[in-house]
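Structure in structure tokens, see below.
Chains here go by letter, A, B, C, D, E and F, matching the order in which they are written, and residues are numbered from 1 within each.
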Amino acid sequence: MIEWAVNLAITVFAIAILLNLYRLAIGPDIVDRILALDTLMINSIALIVLFDIRLSLGILFEAAMLIALMGFVGTVAMTKYLLRGDVIE
Amino acid sequence: MNWLQRWVPHPLFAGFLLLLWLLMNEFSFAHLLLGAVLAVVISRVTQPFWPERSKIKHPGRLLRYLGRLLMDILKSNLIVARRILFYSRQLEPGFFTYPLTLTDDFAVTILASTISLTPGTVSAHYDREGRCLLIHCLHLEDEAALIQDIREHYEKPLQEIFDD
Amino acid sequence: MTHLMILPVVIPMLAAAWLLVNHRASIGRQRVWSIFSTSVLVALGVWAVVAAQTDYHTYWLGNWQPPFGIVLVLDRLSAMMLLLAALLALFCVLYASRGSDREGSHFHALFQFQLMGINGAFLTGDLFNLFVFFEILLLASYALLLHGGGRARSRAGLHYVIINLLGSALFLLALGILYGLTGTLNMADLAVRIAAASPDDQTLLKGAALLLMVVFGIKAAILPLLFWLPRAYSASSAPVAALFAIMTKVGFYAMVRVLLIVFGLDPAQPLNAGVFLWLWPLALATLGLGAIGVLGAASLRTMAAYLVIMSSGLLMASFAMAETTVLAASLFYLLHSTCLAAVFFLLADLIGRQRSDGYDLLSVTAPLTHRWILGTLFLVAAVSMAGLPPFSGFISKAWLLQNATGHPHYLWLWGITLLAGLFMIAALSRAGSGWFWKPEPFTGRQRRKLDPARVATVSVLIGISGTLALFAAPVMEYMTATAGQLYHPSAYVQAVLGEPATKTGGLTP
Amino acid sequence: MELMIAAALGILTTCGVFLILRARTFSVVLGLTLLSHAVNLFLFSMGRLTTGAPAIVGLTESSADPLPQALVLTAIVISFAMTAFVVVLSLKAAVELRNDHVDGENPNEDRL
Amino acid sequence: MLPVLGAFASWLLSRRSDGTSIRAHALLAAVAPFTGVLLLASHWPQASDQNALITTVQWIPQLGLDLSFRLDGLSWLFATLITGIGCLIILYARYYFDGKATAPRFFILIQLFMTAMLGIVLSENLLFMLVFWELTSLVSFLLIGFNWSNRGARRGARMSLVITGGGGLALLAGILLLGNMAGSFQLSDILSQGETLKQHSLYPLMLSLVLLGAFTKSAQAPFHLWLPHAMAAPTPVSAYLHSATMVKAGLFLMARLHPALGDTELWFALITVTGMVTLMVGAFVAMFMHDIKGLLAYSTISHLGLITLLIGMGSEMAMAAALFHLVCHALFKAPLFMMAGYVDQATGSRDMQLINGLWRWMPALMIVTLVPAAAMAGLPLMSGYLSKKMLFSESLLVTAPHWADVVIPAWVTVAGLFSVAYSVRIFHNVFFNGQPRDLPVWPPKHKPAAALSPLAILATLSLLVGLAPQWIYDHLVHLAVLQTTVSHLPAYDFSALSDAHTPAMMSLVAMLGGLAVYAARKPLFAIHARLPEVDAKDIFETAMQRTIRFSQTLVYRLENGSLQRYLALILLTTVALVAWSLLGLERWRGPVPLSSLNPLVVFGISILCLSAIGVVLFHRHRLPALLLLSVTGLFVTLTFAWFSAPDLALTQLSVEVMAVVIMMLALSFLPQSSPKESRFPRIARDLFVALAAGGGVAAFTFAVLTRPVNSISDFFLANSVPGGGGTNVVNVILVDFRGFDTLGEITVLGIAAVAVFAFTRNLNLKKRVAESGHAHWVAEPHPVILQMVAHMALPIALLVSAYIFLRGHNMPGGGFIAGLVTAVALTLQYMAGGLVWAQARMRTHFRSLIGAGLMIALLTGVASWLFGYPFLTTTFAHLHWPLIGEFELASALLFDLGVYTTVVGATLLILANLGKLMTIAGPGKEVG
Amino acid sequence: MTASSMPFVLELVISLFLVAGALFALIGSIGLAWLRDFFMRLHGPTKASTLGLGCLLIGSLLFFSFQRGALSVHEAIVTVFLFVTAPVSAHMMAKAALFRGVDKGGPSRNYPDR
């Protein structure tokens, strides 16, 4: 049952990712794209976690952690850039 | 206690780090020792980066607050899901300003995060001088009721935790 | 296994790291450390040349046996290159220490990193490790190229960097193909496995060999790949450009090493034959273009850059002849051309500083001070560079042409080389007469002082050219033995892998 | 799957190469990044592709080839260093040359 | 013979220190050649012996280049001429340079030149001879450019160097071929192999190259152009180099090699025709020269042509005539040049239209000039008469090619006619022909009578030759002739010559015709003046300029500063070469069966490709392109994660984010978007290149993936735990098996950071490219809420990186990733709190951190020496301590610490310095 | 996967968490894709996706805790991290949007104008 659930979840997340990409592609504003990317990051964490379960490895936690950290930092950097024209000032 | 304060400026946080370390690793005496060392070293090294003078007076109440927050998140997520899926056309979004009574920046941060996490609202801007939060609401019906709700549910408890 | 072998990498790296840790040290102290480190490298180079006379020396890094661990191999070629690089670097660092190291930040640290990269590239016996050292030496060279700043440097540097990044990508592609088909990275092991590969695989491997030729060709400056060079070299500061004289030679070295060892083990059907087929016309065209560029150059630095291209063309063309004796001669020519190219870059600066106007532009006629000393230096350098007797230029060119006669198409090499020589004579005589004869005597009130240390550095470097000619016989003996060693890859393989190379199928644990 | 991977690497390479042939530094940097992705994936796939078998002793029965992974790791780091360098360099060039073209129009413009 | 060289060397050294009077210089300079003459005289017995005297010292045996000298009749003759005339030239120069500061330079150079010339004629080894050959070109370059402030001198010098130097290169090729064919460069070996050499298939090429060298040196048409312009040199130089010595080097070479290479049809055709053309061109042009030295130069060309013609005929008698005339020419041409110099210095001009009737002012000069001028005209009783008659008689003997038997005699007669005309002219025009006109110096300055002595001596010698030809021939020339021919002929019989009838008739015709032509000079000059003026120097300069301009254009067109072009070229070359190499591939698909498709992989890979294409489509809009690039990076990460490479996934991800942040930092200085610039053809070209490259990569991927491989990786899997002490094999490879790579990798990172520091240190940003927003109230520099969370995140991130660092040896992670996590967390502080705020809280300098990290890694490696192991050997131990339990200590961990430290330092150094560009820290202030 | 040895209830719970998480995330992404203006779109991802991932991570936590026989809280750390950072990301993005005047004439009332 878990396998079935995992596959379903993966499919759903894949659809979610496609929706994110759709938003990323059409924008219209750059902020929309950033938001889409941020969401995409979260959904990829989910994919990574699902890989981990599906492959029964239990070693992809750091990857999930890192995507979370990096996604956050990336989003902050981009928004700061939009706000200030610079990232570090 | 002077030396302790010098070595462990944020004992609470150091303890949190140690706990985190033990959760990440399998428990053993070696890890306890290592975790303690890391907690002390890291909290000392990062001390200069810490926000100034925010003191959590009642850690217990904070835990209770977080627990309630979790439930609210769950509950209101369902509401938002319903709105997004079925009523997206009827939504009447809008901004409103929430006047703050909290003064501590850290407390305000928690409040703003709470507002963002609870569905329907996102805090968009914190005006430090004007002492207010700019909030976007997915479905803005009654502004006053919403402000009252936030004040009762979240701001008051936070005020108690940080107690100023 | 002597630890001296790793020192050419460790010493400069240690020096560089130390310079970074003490980044607040005064420039004087930085110079002392840098010069000291470089001098140690010269001593190590001498040791290496002496040690390499007897046999191959290998060094197992991390005590892991090849092909699993990375191995350093010291043979005659790498020893000679180590010594050459160290000597050249010593002159460059001495010259730079007269002031140009102050123009930007961390000259000496970057310089030492550069040496580390170069020496590592010479020593390593592992193809991926070669890639890593290439990156080190390239990145350091990017930084050194831009040392001092300025518009020209920025643009030339940008081009140089981007082209070399493309080169690095191609290098990795080639490495991927090699690993994907043979499952190993050690050059000796690769040689064994490539020789034993199925004909079908060998076709793909030949593709990898050509990719590598392009990669090394970019660095060594072969015709359609070299257009980054003139500006990059002419834009950089004099001591850096002088050090860069060895950079194209690193490309050449890698070409020789990889094509002869990795793709040349099977004497019946060496895979490198296909590469030589292309290398030959391209290198000849390079030689020709270099000659045209020398004639068309607008400044002495640009001219020197084209001289570098010319010498690269000649080196690669002679290498493409795939004969032991020719390779020996081209190695001798390598020594000569490296020193002389460096001399020209330094001379351009030396002269430029003494001219009242135009720096080293050929189109500008400006009075200069110390006409006699500079003129004499220029004359001697030009004579040697143009291949006129009695300096190393003549000796090396004559030997090269003479040894080339075994090749069926050697007359092409002869013709283009000699024509290039004529172009060089025309260009250099034009430059020299325009600078030293044409202008009025210097009348400016402030007589610029000629830095005796800089002059001495350049003079000694020129002196090397004379010395090379005077003691040509023993040097040629060394080169002949070196070329012989290179055309005997099975000995290399045996020295590295410790068992007869005739065994096919590679090694498995 | 091999065909799919090959096609993907081909597309990545195509995109990267096309971008490095553009006339602005930023596009070139983008292209180089894409190209390095392609190359890294290529080198990685040269150890053959396996799923669910990380090269950790004792975790699974079979194991992926660890060597290309180590190589790619090195390559990633190096290309990161290079990217940082190129970005700063193109910034410097853009500031000093007052435009971000990589095409030199006048060959004599900055010979000196 | 070595003392001669030794004398020069020591002389050159002593020369430097003394700067006294010109007399001392000249005296000193004369010592060597005079000694040389004496030495040569003393060696006459050996030279007259048929066997050559050979001395050899080995220099470069590999090259066949030995310091080897040969003294035989031919070299003796030339050496005597060189040293003898050299003495007189020095004597002449003593007066010529009187009171000039440049005299010492002249004496140095003339000595050097003499050495080189002697080297040419005395070398036994042909390569060694070439050394001297080129040396003469070089020194003559310096001598012609002696008056360097004169434009003509510089141009003339360059021209002569290019032509003779070029000829030298051809000669080098020829000699190398010759040596290769003969197996030696020693003359004795070569001369003994004449037949073999002539049979060789490369003989024509070799001969052409050698002759090219000889012709350029001896100013044979069409390479004669340099000689007239070499007249810019001081007159002693012209008298010595351009009449007696250097130009004779080519003749010497031809004579020297004649026994080995001569007597073939090719030899005859090449040399004779060249000689004939030169003879005529020189004689004809000389007639119309108004410059005395110009006339002499062209006459020299003509005479050189004549000698060449004789050598080309190749018979014993012709050879005898050639060498005899060579001696005669040296003896009469040198004094004529001296006369020209004398007149030039006295009157300040060399124009014969101005100089007239000097006999009244310089009667002595007139008298000493009479003999050589007459000899040049070939008047009876003069040396020139005899040699010309020899020529005429030889010309009659040539019958070999059909055309030659009439053409050559007629030709030489006409040339003789011209030579009479110009000889008469030089004498008559200078000393008679009315009054001088507008001379710059008037009245003419006089020199001491002794200044005429070298002229007088040479004139006397010339006269002697005319009077006693047989004696001179027997004692000087005959020995030389013996060396130039194969057979051993009896001595030339001059009495037989005087009986010959036809030559005498030809002489008479030439004489009368010459006088007639001279008489008709006025209308001839008028006709000549109307002809378009052709200045060889201009032709040469124009040709030179054209070549240079062509080179420049070509080079600029190729190296046009377009990175795109360079890259496209590289890529096309690569594609073409690789495609060529794969032509022989039988099948792309290897034996390994294809694996089935997984929908997840299809999904991921598709998005990877789509996002890459998206980057291309959006590339002109910076920020969206960057976002799409992030997506690409993310999916590369996911690919690594899926295909069993967790370490790679972690690294790729962290690196990606850092790279994007860095790009964004830089982006604020670059234009936010760029206009559409490329036109369709350009895009099509780029698309083609890109598709070709992509296709290549795809093809290789497919080909390799479907083939089996036997990798060395099993060793790593097997030895990771027992040998490296870690279960994460990738990490063990990184810190142990291939730790050397990692050492290099962090070095690269360190260099990049230091370089970024160096670049940004003095970067001046004039303007800030910020967008003009209308709502600055939201754009606080450091949003409070962000600050709070960022600060909280730092210790947690540090803890996580400690975790990742420590377990990296056994699980995915390691120093590099840990370092990046730390760096990212610290970067967050910079973003949230600002550069100044964060920098104030940093307790170390990043550069020190980089250095320290590198040193930790390096010293960990060095430490293994202490235990007698090679660099970077690791060790590990499982320790058991009470209470703590069992734990592992690996030296690799220390190495990894170095990696960690370097990564943190490098990343932050880059970020902080990029960040500082727009802050109050500003340029100039160091950050990190 | 070692699901066979797992108690059914646990399996069910884990599956529920996984599927619920996925659905929440999907709703968030649907919101992102379909809602009318930027500020509305901002709500979906910051909450629904975060919660969805939270559910998923709890599922994973349960799965690996059972598999290893010990509490595995790594996922919890990720969850906490996400819950802490998501509001800040949203805050920053909202600021940026306000700064740029995104969707100024859009459906959101009381658009602040200072």
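By our rule, contacts are C-beta pairs under 8 Å (C-beta built on N, C-alpha and C of every residue); 3 or more make two chains touch, one makes a residue touch a chain.
Keep in mind it's a predicted model, so treat the numbers as computed, not measured.
Chemist: On the document's contact criterion, could you list the chains that touch chain C and likewise touch chain D?
Modeler: Joint contacts, listed by label: E.
Chemist: Determine, using the mean of C-alpha atoms as each chain's centre, which chain is farthest from chain F.
Modeler: E
Chemist: Compared with chain C, which chain's mean CA position is the farthest off?
Modeler: Relative to chain C, the chain with the farthest C-alpha centre is B.
Chemist: Looking at chain pairs A-F and A-D, which one is connected by more C-beta pairs in contact?
Modeler: A-F is joined by more C-beta pairs in contact.
Chemist: Roughly how far is chain C from chain F, going centre to centre by Cα mean, in whole Å?
Modeler: The separation of the two C-alpha centroids amounts to 57 Å.
Chemist: Provide the C-alpha centroid distance between chain B and chain F, rounded to the nearest whole angstrom.
Modeler: Distance between chain centres: 17 Å.
Chemist: Roughly how far is chain D from chain F, centre to centre by C-alpha average, rounded to an integer in Å?
Modeler: That pair's centroid distance is 32 Å.
Chemist: Could you work out how far the Cα centre of chain B sits from that of chain C, in whole Å?
Modeler: 62
Chemist: Of all the residues in chain C, which ones touch at least 2 other chains?
Modeler: 128, 132, 135, 139, 142, 146, 149, 155, 158-159, 162, 166, 173, 176-177, 179-180, 185, 231, 298 - these are the residues of chain C that touch more than one other chain.
Chemist: Going by the touch rule set out above, which residues of chain E reach two or more other chains?
Modeler: 556, 559, 561, 563, 567, 571, 642, 646, 665, 667, 697, 700, 704-705, 709, 711-713, 716, 737-738, 741, 744-745, 748, 751-752, 755, 759, 777-779, 783, 785-786, 789, 793, 796, 800, 811-812, 914
Chemist: Where in chain B do residues touch two or more other chains at once?
Modeler: Those would be 20, 24, 112-113, 123, 125-126.
Chemist: Can you list every touching chain pair?
Modeler: Here the touching chain pairs work out to A-D, A-E, A-F, B-E, B-F, C-D, C-E, D-E, E-F.
Chemist: If you look only at chain E, which of its residues touch chain D in the complex?
Modeler: For this pair, the touching residues of chain E are 556, 559-564, 567-568, 571, 594-598, 601-602, 605, 608-609, 612-613, 615-616, 619-620, 622, 625-626, 629, 632-633, 636, 639-640, 642-648, 651-652, 655, 658-659, 662-663, 665-667, 669-671, 674, 677-678, 686-687, 689-691, 693-702, 704-706, 709, 711-713, 716-717, 720-721, 727-730, 733-734, 737-738, 741-742, 744-746, 748-749, 751-753, 755-756, 759-760, 763-766, 810-812, 816, 906, 910, 914.
Chemist: Quick check: in the complex, which residue numbers of chain B touch chain F?
Modeler: My answer: residues 20, 23-24, 26, 73-74, 76-77, 80-81, 84-85, 88, 91-97, 112-120, 122-126, 134, 136, 138, 140.
Chemist: How about chain E: which of its residues touch chain C in the complex?
Modeler: My answer: residues 58-65, 127, 130-132, 134-135, 137-138, 141, 145, 148-149, 153-154, 157-158, 161-162, 165-166, 168-170, 172-173, 176-177, 179-180, 205, 544, 547-556, 558-559, 561, 563, 565-567, 569-574, 577-578, 580-582, 584-587, 590, 697, 700, 703-705, 707, 709-716, 718-719, 723, 736-741, 743-745, 747-748, 750-752, 754-755, 757-759, 761-762, 845, 847-848, 850-852, 854-855, 858, 861-862, 864-865, 869-874.
Chemist: Going by the contact rule set out above, which residues of chain A touch chain E in the complex?
Modeler: 10, 14, 17, 21, 24-25, 27, 30, 33-34, 36-37, 40-41, 44, 47-48, 51, 57, 59-60, 62-63, 65-67, 69-70, 72-74, 76-78, 80-89
Chemist: Within their complex, state which residues of chain F touch chain B.
Modeler: Within the complex, chain F touches chain B at residues 24, 27, 30-31, 34-37, 39-40, 42-44, 46-48, 50-51, 70-71, 73-74, 76-77, 83-84, 86-88, 90-91, 94-95, 97-98, 107-112.
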